[in-house]
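Structure first, commentary second.
Should a chain be cited, it is by its letter among A, B, C and D, assigned in written order, with residues numbered from 1 in that chain.
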Amino acid sequence: MSIDALPWQTGITRITPNEIRIRGYRLTELMGRVSFAEGVYLLFRGDLPTVEQARLLEAILLSVIDHGVTPPSTQAARTVACTGTPLVSAVAAGMLAISEYHGGAVEVAMELFYGTARRWEAGEELESIVATVLSECKAAKRRLPGYGHRIHTDDPRTRRLLDLAHEWGLCGQFVTIAEAYAKALAQTISKHLPLNVDGAIAALLCELGFPTEVANLVFVIGRVPGLAAHVYEERTRQRPMRAINFTQAEYDGPAARCL
Amino acid sequence: MSIDALPWQTGITRITPNEIRIRGYRLTELMGRVSFAEGVYLLFRGDLPTVEQARLLEAILLSVIDHGVTPPSTQAARTVACTGTPLVSAVAAGMLAISEYHGGAVEVAMELFYGTARRWEAGEELESIVATVLSECKAAKRRLPGYGHRIHTDDPRTRRLLDLAHEWGLCGQFVTIAEAYAKALAQTISKHLPLNVDGAIAALLCELGFPTEVANLVFVIGRVPGLAAHVYEERTRQRPMRAINFTQAEYDGPAARCL
Amino acid sequence: MSIDALPWQTGITRITPNEIRIRGYRLTELMGRVSFAEGVYLLFRGDLPTVEQARLLEAILLSVIDHGVTPPSTQAARTVACTGTPLVSAVAAGMLAISEYHGGAVEVAMELFYGTARRWEAGEELESIVATVLSECKAAKRRLPGYGHRIHTDDPRTRRLLDLAHEWGLCGQFVTIAEAYAKALAQTISKHLPLNVDGAIAALLCELGFPTEVANLVFVIGRVPGLAAHVYEERTRQRPMRAINFTQAEYDGPAARCL
Amino acid sequence: MSIDALPWQTGITRITPNEIRIRGYRLTELMGRVSFAEGVYLLFRGDLPTVEQARLLEAILLSVIDHGVTPPSTQAARTVACTGTPLVSAVAAGMLAISEYHGGAVEVAMELFYGTARRWEAGEELESIVATVLSECKAAKRRLPGYGHRIHTDDPRTRRLLDLAHEWGLCGQFVTIAEAYAKALAQTISKHLPLNVDGAIAALLCELGFPTEVANLVFVIGRVPGLAAHVYEERTRQRPMRAINFTQAEYDGPAARCL
């Protein structure tokens, strides 16, 4: 198999003895001067973000950092943690739940927004593209990705993300597109289907120029700390092998407080 | 099974319709005002960090964000990614490699440093504790966790982490302990075994008050972006099912540059 | 969430104190009287197989039980195993590689064979369906699933599986269909693309009435013992954290022998 | 890294073009002549089993093939399956739950039985070893691994396994040892702690000469079909993203029946 002897290329990190360079920057120079989220941006986009882009990515990652014990990823992670497995394995099990129906809407919504933008740039009217897409969805009995939520009728994270992006001057064509779909849905469908947090994140990841294929990965980077906190709590506060009824969880953490 | 009907407690996040509170704070209030790493600190420690603690945790997470294609976690993740699996599954496979010999030294080093601190506080001389532990390791032919490295003779991240912690006034008893072991090793062993990045992180997580059980989880939170970047690159730059020879990887990313 | 209080149904196993019934049979009655592979058949098909069906499923599962250190699943599993992770986690990591390009052809080939059968039953000529599908594949520059192999020009398992199925009277319409595609490929394409083991398994799982969605699961059930044997060997014969070059593996097991 | 160029050895499978030999046997010769469970035995023990050993391994694997929706592995697997993830990933997530408290007792019990056998062979009286171990457990407030069960007061699989092993002449010193512990427990402890299925499997895997490190792997090989059947049922009978209350599951499969 001589082909295996052929070199292949990677453009992420260069490792030499006593030096690590990420996308060209010395890791030790980055440490102390850029934030962890800026490091994430550098890995995915190849360059460091502006101050505003960095702050927006921080907000996006924070927005999905945890959602209590309601998501299947958290439930799977805690269920595995209670068997005595290494906590990292329990987090990995939880991560495997982040897929089509759980987090996956971000990717599909990004495809929708990027696709709409391409048609818009090619000269079609935005209103007409939106109307066409919605009627195609209706005909195919398919939900529009990024709109509606199981638990929150008006997801508080959505408005906050859009407000921040607006404040930081990062609302461009993709937010316009996302809002055009929300408006058209409100006019044509009786059920309330607001832009949800997946849809808002999708629009903003498009504004940041992220490729659609990394949508679930960004969600995972944001959610791993939450999964980690849950498996640690499960291990330290609960007995092993308990039968977990997730509808019986009660919050007993710090009382409501402000920054 | 009436026991399953009993409520149980979680102190992390409170979910109610249209509101998410993490450790008491409204998530939407955190978004835009605290960084993602501060969110990680809040999840694990229950309160927000000081400015210096936040910056130190950013630096710790950045220090492990990627290590090229040399670690087994990255190799496993890329190997799985080339089969066409969802990228999240490939990251999960890579994460499963973060265990005893890969990242795991942080946890064992934290146990060492916390244990040493307890004996020191109880009145033993630090030099004497260090000498005892080293001779026990020697007798048991066990390596001291947190010292020495496969690739870097003088890991650049170690000094940088300690310098930053010193600059921010966060070097306390645990850094003193870590340095006492390094000094004693240098005096007694011919082979060069400096404090490595695992050991430095261990000492600083002790300074931040993190429990030992979360050491691997912190490593995972820091490394997931690197794994994610690699599986995305594998998927987009390489052909499926290639036989990967990791010693043949060549860096072709951005040239060396400074901030 | 009153909906969670609603009962839901499962038709696999009934657990009551001191009794386990699988698809209606007492597990203790099955033990000692049916083989493990017959248990697999019972779980997936709801009833026990005939003697011939049982023997065919044994042969199918055996045919994929291991493939040395060449598949990505085995490479990922051994890479993870060398980090000191629990062996079960290493097998799980390897399993995650069984997807679209690795094992996944069975599912796509089953769809092809079931779809072809439906058209054949509906009155189309088999030769005409085959010709249409092949020209569609050619136009779309898509490979026909279940034909050709990376390593074996004439996969020995393929003929053996078909010979056994023939001997046991289990070659029906799906084997006829699979062979029709192989014959048409040989006539129209210069490159040698024989029915491979994925394709043969696909045809035979169709003969056994398995649904397409379980194809990868059957592959996994068959391959887990191989992955398990490899991670155990890695743990017991190799040193932790070695850099593994899979092209350098040499076989040193028992010499060639016959039953 | 010249060390990577060095060859390394594997004794499991030899792959050459158009030939696969497992432990020296042509895979195509095994197919049709030995069962899948015999293949498992061959992989782990290096040689084919006797007829009796083969039948015992079949019974052991069958005994753990499924346990309804009660185990955490099944709950994690179904929870992940309902998110739309590939079914193989859902099985992998479930497998990660097979660890210390779930299946892990087999490994610890094997260590106990092998250790007891070594002392017995070295000349100690069995009764005296058993008494010492039990009083050590009591002093350390540690449960004896392999005795007692969450659900079954008298696990039906335990007696069946031992009866079959007895019928096939495979009850040797390890079954004697396991029964000696059960007898001593009954005499000294008020709570009923019979040998459970983990303990019986442990004793019989010792009789078959399996190493302790593969205990969890054998459990996994046996349980993967059950996990696979559950994730397939979840995917095909339930709606995605349902909140699963595992105490509300009702069996609606085939009625009780006999072979």
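Assume a contact is a pair of C-beta atoms (placed from the backbone, for glycine too) under 8 Å apart; a residue touches a chain by one contact, two chains touch by 3 or more.
Everything numeric in this text was worked out from a predicted model, so none of it was measured.
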Fill in: Comparison of A-D and A-C (more C-beta pairs in contact)
A-D
Fill in: Chain whose Cα centroid lies at the greatest distance from that of subunit C
B
Item to complete: Report the inter-chain centroid distance for subunit A and subunit C in whole angstrom, where each centroid is the mean of the CA atoms.
Response: 34
Practice prompt. Can you check how far apart subunit C and subunit D are, centre to centre, with Cα atoms defining each centre and the answer in Å?
Written response: 23
Worksheet item: Using CA atom averages as chain centres, what separation in Å is found between subunit A and subunit D?
Response: 39
Discussion item. Can you pull out the residues of subunit C that are in contact with at least two other chains?
Written reply: 1, 4, 70, 85-86, 89, 92-93, 96, 98-99, 243-245, 247
Worksheet, complete the sentence: As the complex stands, subunit A meets subunit C at residues 1, 4, 85-86, 89, 92, 247
Discussion item. Which residues of subunit C touch subunit D once you look at their complex with the stated criterion?
Written reply: 1, 3-15, 17-37, 39-40, 43-44, 46, 48, 55, 57-59, 61-63, 65-70, 86-89, 91-93, 95-96, 98-99, 151-157, 159-161, 164, 167, 211, 213-214, 216-218, 220-222, 224-226, 228-233, 235-238, 242-245, 248-259
Response to the item:
Per the touch rule above, subunit C residues touching subunit B in the complex are 70, 72-73, 75-76, 79-80, 82-86, 89-90, 92-94, 96-102, 104, 150, 240-241, 243-247
